[in-house]
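Got a structure here, written out as C-alpha cells. Questions coming.
In order of appearance the chains are A, B and C, and numbering begins at 1 in each one.
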C-alpha cells in the first residue's frame, strides 16, 4: 500500500508470474521423482496432490463460506468416475472410440478431468439447493447423506462395474516431444501439478475478490450479510458448486493415478479425511490446507509405516487418529488459523504489523 | 399378508435396537449440541465386552453355563458397564477440554475418537468378524400361517421397552433427570442454579452409552457377527434415526428408530437390499428438507 | 407529493400468543430524520426486523419506494435502497475494517469471477476504485487509519461507527439505525448524533433512528414515533412528544433517569 501502485495492465501481466513459477517448480520436482523415485513413492506424491486439491476445494465451503459439508467424497467420486469412464472408453485396452488423435492425445485427460469436474459441480448444485436452507450440524448430516447416496448409486451402476469396481483406467494420453516419450508417471504428475496450481490460484484469487468477500460474509454473519445486500443463498450455492468442481478434478487425478476405481474408496471416511486436512491446516487458510495435505499423506506413509515395520503391528491409523485428537484439543484453530504462509513470511521480514491480508 | 406381518415384526425388532442407540445420540446432542460420532464405537466396544465375557464365562464354567435368561442378563450388565465406562472416559478426556471450543473442533475430535477406537479395535480384537456366542437360545414362540414370532424378537422388544421406560422414568421423575433437562435447556443458567453441569453431562454419557451396551448385546444375539467396524454404519443409521425423530427429543429417537427399522426391513423385502443404506439417507434428506427439526422436534429461529 | 420512501401500514408481528408489534404505521418521505423510541422491549427492533425482511410480519403491508416487500428476501429489500445497523453489533468480526465496508459494496461490484481469477486490468481498476471509495467512507469517523485491523478488535464505540459506515457503503436511500449510541457516554453520543445529522445531509439520506434514550433524539429528529408494548402511543414533533401525557406516563414517568 505504501508505494505508488503500478498500473492495472502491469499488474495483470505480473499476475502470471506466481502461477507459472509454481508450476515450473512442481514440474522440476516431478522430473526428479520420475528419474529417482520408485513407483510406490511416485504414487504417494500423486495422492498428495489429490489430497491437496481435495482439501483446498473443501476449504472454500467449510473454511471460507462457513458451511459444513461432510459429503465431499461423493463429489470426488463423481469426478473420478466420469473422467475414468471417458478415459477407459477412449484410451483403455481395446477402446473402440477415439477422442483426440496423436499428437494431441495428451490433451484427452485434462478435457475429461474438466468433464468430471463439471459433472461433480452439477451434483454439487443439486445437493446444494435443498441443503442450504439448513445450518451447521443439519447441513453436515444432509451432505453426508448425499455423499453416501452418490456412492450407493455408483455401487448399483453396472456400466462402471458396480461393487466390483472399474479396473484398467488408463494413464493420461501420451505426450511425445521429438522422439522423447514422457513416462506415464510424468504425465500423471504433469496434470496433477497443473490442476493443483490451477485450483490453488483460482481459489486464492477468488477469496481475495468481491466474490470471496461475499463467501466470507456468509461465514461471519448471514443476517448482516443479507442486510448489506449480499444474496447469501446464491453465495452458498456458488461456493458449493465451485468446491464440487475442484473435488471432481481431484477425483479425476485420483482415477488416472490409481488405475482402478471402487465405490468403497469414496466412503464417508474419505470425506472425513478431507475435513481433517482443512481443520488441521486452518479453516480459511489455503496454504494451511496444502501443508496439512502433505502431513496427512506423508505421515502415515513415511513416518508411521517404518514404525509399523519395526514393531510388526499396524499402528499407523491408531497413532494418526490419536494425534488428531490431541491436536484438536491443544490447537483448535489448526496450524495456521486463518493466516497464510505468506503472512508468516511477511511477519518475518517485518513488513509492518497490523496488515493481515495481502494479494498476490 | 403373512409376509407383511412377518416383516413388520422383524422391522419393529430391528427398530427398537436402533432406538436404543439413537437415544444415546439424542441425549448427548440435547445436552452438548454435539454429534457424538464416537457413540457408534462405544456400541462396538459393548459388543466386544459382551463377546469376551460370554467366551470367558463359557470357558470357566463349561457345561454348567447354559444359554438362558441369566447368562443373557450377566452379559447385558457387563456390556452396559463397559459402554458406560467407555462413554465416561471419552467425555472426560476428549470432550470436556473442548467445552469452550468451536463446535466444529469438538465434532472433529468426536470423529477422531471414533477413528481411534475403530483402528485400536482392529489391532486388539483383530479385523476379522467374530461370531457372537449363544447367550440365549432362539426358538419359535408362535408359528401360524406364514408368521413366526420368535423369542429373540420378543426379547429385543421387551428389553427395549424396559430400558426406554426406565429412561423415561429417570428423565421425568428423578432429580437427576430434572437436572439433565435443565442443563440441556440452558447450561449457563443451570450452572447458576447450582447444578454441577459437568457431573450431569457425565451422567448423560453414562446413561446414553449403557443403552448402546444394551443395543450391542441385542445385535450380537440377533445378527451373530461382530467386528471392529460394526459401529460405523449401524451407528450412522441410528444417528439418522435420532435426527428423523427430532434430535434432542427422546420420544423422537424411539419413533425415528422404529421408522428406520421398519422402512429398512420393507425396502430389503420388497425392493432391493443394495439400496438399504441409501434409503436411510434418502429418508433423512426428505425429512430435513421438508421438516428440518425432525418429526417431533421444535425448530428454533435465530434471534436478531 | 412524490411517492413515500417507506410506507408501512398496519404491520403486526405475533410470536405465538404475544403481539410484539401491533398495527405499526409509518410513512417516511425523502430526506426525513425520524426517531423511533420507547422503553426496552417496546418492539422497536422487531419493527426494524420486519421492515428489513428478517421477520415476516404476521399481517400488514410494507412498501419501499413504491415496491411492496412481501415475499422479498432481506438482501432484495436491502437492494431497494434500505439498509440498517444492528443493536447488538453484527460486524464481520474476523475480517478487516476495509473488507467490512467492501462487502457492503458487493452488490455494486461489476467484475465477474473470471476477471477476479485472471486478475484482469478491469479487476484491478475496480478493486482500486472500491478501496478508495471505502477509505473515503472510513474517513467520516477517522477509521481509515485502522482499515487493516480486524473489525472485532476495534473498541466498542468504533465498532458501532463501522456499522454505520458499512451501511452507507450499500449506497442506501434510507438507513435504519438501531441504537447507534448504545454504550457510549454522553459526550460521545452527542458527537455521534451530530455526525449522523451531517451524513444525512451529505448523502441526502432518509434516517430512521431507534434510540432508547429519548432526550438524545429530541435534538436531531424532526418527528418521533413512540412505541410501548408494541403499540404506537404517540407520533409527532419532539415538542409534541415531550408534552404528550401518554408518553410521559408510559415512558418518562416510569423511567425518571432517562
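Here, a contact is a pair of C-beta atoms (placed from the backbone, for glycine too) under 8 Å apart; a residue touches a chain by one contact, two chains touch by 3 or more.
Given the structure is predicted, the values throughout are model-derived calculations rather than measurements.
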Most remote chain, CA-based centroid, reference being chain B: C
Nearest-to-centre chain - CA centroid comparison: A
Chain B and chain C, separation of their C-alpha mean positions in angstrom: 50
Cα-centroid distance, chain A relative to chain B, in whole angstrom: 35
Distance from the mean Cα position of chain C to that of chain A, given in whole angstrom: 42
Multi-partner residues of chain C (at least 2 other chains): 54, 86
Of all residues in chain A, the ones touching two or more other chains: 223
Contacts with two or more other chains, residues of chain B listed in rising order: 304
Interfacial residue positions of chain A with respect to chain B in the complex: 68, 130-131, 133-134, 136-138, 140-142, 144-146, 148-149, 152-153, 155-156, 223, 268-269, 272, 275-276, 279, 283, 313-315, 317-318, 320-322, 324-325, 328-329, 332
Residue numbers on chain A that touch chain C, as the complex places them: 5, 7-9, 11-12, 15, 201-202, 205-206, 208-214, 216-217, 220-221, 223-233, 338, 354-357
Of chain C, residues touching chain A in the complex: 52-54, 73-75, 78-79, 83-84, 86, 90-96, 99, 102-107, 109, 111, 113, 116-125, 127-128, 130, 148-150, 166-167, 169-170
Chain B residues touching chain A - in the complex, by the definition given at the top: 29, 33, 35, 94, 97-98, 101-105, 107-109, 111-113, 115-116, 119-120, 122-123, 232, 236, 239-240, 243, 247, 274-275, 277-278, 280-282, 284-285, 288-289, 292, 302, 304
